[in-house]
Amino acid sequence: MSKMSKVVVPEMPPLEREMIALRIANMLEDGSYVNLGIGIPTLVSNWIEGRDIIIQAEIGMLKCGPLADEGEQDQDRINASCQFVHEMPGCSYFNVETSFAMIRGGRMDVAVLGALQVSAKGDLAGWNNPARGLGKTGNIGGSMDLAVGAAKLIVAMEHFTPGGEPKILDVCNYPLTAKECVDVIVTNYALIEVTPKGLVLKEAIPGITAEDVQKMTAAKLIVADDFHEMEL
Amino acid sequence: MDKTYASVEEAIADIPDGATIAFGSFFTAGKPTALTKALAKKGVKDLTIVVQQVGTGNEEMLELVTNGQIKKAICNYPFPRSASKGAQHPFEQAVRNGKIKLEIYPIGTFVEKLRCAGAGIPGFYTPTGVGTVVGEGKEVRVFNGIECLLELALPVDYAFVHAWKGDREGNLVYRFTAQNYNNAMAMAGKVTIAEVETLVDAGELDPNFIHTPGIFVKRVVETGRPEFNSAAV
Amino acid sequence: MDKTYASVEEAIADIPDGATIAFGSFFTAGKPTALTKALAKKGVKDLTIVVQQVGTGNEEMLELVTNGQIKKAICNYPFPRSASKGAQHPFEQAVRNGKIKLEIYPIGTFVEKLRCAGAGIPGFYTPTGVGTVVGEGKEVRVFNGIECLLELALPVDYAFVHAWKGDREGNLVYRFTAQNYNNAMAMAGKVTIAEVETLVDAGELDPNFIHTPGIFVKRVVETGRPEFNSAAV
Amino acid sequence: MSKMSKVVVPEMPPLEREMIALRIANMLEDGSYVNLGIGIPTLVSNWIEGRDIIIQAEIGMLKCGPLADEGEQDQDRINASCQFVHEMPGCSYFNVETSFAMIRGGRMDVAVLGALQVSAKGDLAGWNNPARGLGKTGNIGGSMDLAVGAAKLIVAMEHFTPGGEPKILDVCNYPLTAKECVDVIVTNYALIEVTPKGLVLKEAIPGITAEDVQKMTAAKLIVADDFHEMEL
């Protein structure tokens, strides 16, 4: 199925990236430690203001706050995406070896990462797009450690590549970030859980049926007993 | 024990061709700007650099690249994030055309290899990278049912670190996220050279809050506070 | 995220028989005195304790020994220094007569096993202990011509740590040499419980100088400053 | 030779423990980082006042100063022997994992340790006296890490056990601290270097000949070309 060619995308407008982030924000529990990757995951932080969720920036910061506007920026206070940030009360700074001790050691309750591909078994491919032509090299950053170390790994991504290829596949054919690490996939069309039995379709956006999602997905989906419309 | 040097030029004077040098910094934060510029000026070559990345806001490192001083790079996020910017970037081009050899690691492995070098631990096992290109050719071993890779310590001949404050005996204090890799690199360096924004006498830093004890630092030079704009990158 | 508990009794209420518990302290410095006393009072048994030593100035731990609450101890300097004092010491006697099983490590290995447990590193190699009783039955591997032992991470169910100051979210600051094992143990603990001399609100500690970030700490209880005389030991 | 029984001790009075410490203090170079073990090694600190030598206390302290008298004592400032100490300007405190990273990582220029036995190859036995009857257990502390990690390891000890047995032997028969780790042995009679060729006798105290030292030593000694009287 991973050889499946371009699919016909339903006419329903998919979720905006901000809405994917909102769906994920609603999954986060108060009192949890969370690391947000680059891209859609970063947008999750826009939906948790005032909530008791602690954001880790892998550069070495806990209780990382919102982006800092001009005039409030400090060159020594940036997040792992090189953006100026605020600190929240109860913040701590530490070195990168301690930051990744936390990550690899299982202290992150949730990591939210982007992805290029996710397989039926929850393999994640996210760090190396072969189209860039860098071969076996590229920007790994903290993605492999987060994928392996986080208690729960949520993938936030669009359902298709910019070229219209499905990103959920039987088997990833891009270089892997980690094997069997993804717990939940939230796309602009659906919410899918990775279970020992396979990919379970839990939610689809309004106007999209389970059959629609299956057609858009190059791996077999099990429709959950409680499959329902995604609420935002 | 006064470890201060009057200038960055004197602090790096003995670095030979072929040296392996680690550079603190996570993107723009905590960059040893003055030391790196002096290295470019010195013109030493065939260097192996150990640094997070070269693609984003690291003009000083870029100068080493365009000067052809680098033989090999060990990084975790080497290139510009954007593919189109990358294609134009001298470092990515040098890697693509084979002028610079590149070795990559996940951040957690990268930084732990440095810490281990400073801690007398020659190797460690990590679950990160199993089943990926990072694991190719490496020993896999199962602990508690989880496959792990054997990774080796990464000692370096020199480490360049940037600190907020330092005393004459090499005790260092970093500021906020400018801490990042600087401590692990200071530990890994056979000769660690610290550029500090403000130099103070021994006894002026609070001994209860030293980020890197002076024993890991061989040379200290006061270079003032660099100004740069992270958002511009 | 308020992690505070009103009393040490409540903070340790869920500890079951058979738990593995690490206790901060290097001799008398940084001892989690209040938590340990509460554990003796609670009477939980078949414990495995992970602690530097029991022989010198550790009356609180001694109470666990004389109560018969300990099944096994993992230490690096278990006994009184003096042989004659040792012969009289309830802990040494319990080890000699087999009531307590003892496992020993060199300090560097002991503390690194704890740090690794907290860092997701299941094993590491160290040159320490090769050719000694510490190496018996362990894998030996040569790195750069130097024989090393494979040592494994040591996770613990609970860690009791003592801090000078702590905030409600678990950020901790230690004082001078009372720092010692407390950070590594906090990292190793599945449930780390901190007794702090002074409790403050989030935001009152300087974020640039936190010794143990709150993510490693599940529970915090304010216990005041214990007074004891190191020289008396 | 390790089975050699009690030897006749020469009539010359041996060095006091303080004098062994002085001989070692005179070997230390300014600008060096030094760790001093329990016993005679601790006395070395009495001879380096005013010198540019940095003492590490493995509990987690650099620039550890002299012992603190009553009234100047702080329960949170003790050395690795549980003694109250002063801090010197430029002091730093750190955790034990960092302390032993320094030690194992080779940052100690010199460690001075006591010993129960030293072998001809420089094996050190110092942590477990079988007479105590603790079998394979006992107080290891930091000794094994220091023996392995220090750039230079100096043993400070008396030449004989309290029972009159020689402590320098062909092969140690007490449990080892580390193999082939000792660089120099300073006793109350002599200074002996461990070299690839064997034990080299460099110095003896006044009134003691090289032959005397050999008689007191249960391992073969090579007399150095520049063998001379120990100066203090």
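All chains are identified by letter, namely A, B, C and D, in their written order; residue positions are counted from 1 within each chain.
In the analysis below, a residue touches a chain if its C-beta (ideal position, glycine included) is under 8 Å from a C-beta of that chain, and two chains touch if they have at least 3 such contacts.
On a predicted model such as this, the values are computed, not experimentally measured, just so you know.
If you compare C-D with B-D, the chain pair joined by more contacting C-beta pairs is C-D. At the far end from chain C, in terms of centres built from Cα atoms, lies A. With centres set at the average Cα position, the gap from chain C to chain D is 29 Å. Chain centres here are Cα averages; for chain B and chain D they lie 37 Å apart.
Centre to centre, using the average C-alpha position, chain B and chain C are separated by 33 Å. Spacing of chain A relative to chain D, judged by their CA centroids, is 57 angstrom. Residue positions of chain A touching 2 or more other chains, listed in rising order: 87, 93-94, 100, 103-104, 148-149. Counting partner chains per residue, chain C shows two or more touched chains at residues 108, 112, 115, 119-121, 126-127, 175-176, 207-208. Taken as a contact graph, the chains fit none of the simple arrangements: neither line, ring, star nor complete graph.
Those residues of chain B lying in contact with chain A across their complex are 26-30, 53, 56-57, 76-79, 81, 83, 86, 92, 95-96, 102, 104-109, 111-112, 114-115, 126-134, 136, 164, 175-184, 211, 227-231, 233.
Put simply, chain B touches chain C in their complex at residues 108, 112, 116, 119-127, 141, 143-144, 146, 148, 152, 174-176, 207-209. Residue ranges on chain D touching chain C, taken from their complex, read 38, 57-61, 73-80, 82-84, 87, 93-97, 100, 103-104, 123, 128-129, 131-134, 136-145, 148-149, 175-179.
Within the complex formed with chain A, the residues of chain C that make contact are 1, 115, 117-121, 167-169, 171, 187, 201-203, 207-208, 210, 213-216. Taken together, the chain A residues at the contact with chain C in this complex read 31, 33, 52, 54, 56, 62-63, 87, 89-94, 98, 100-107, 148-149.
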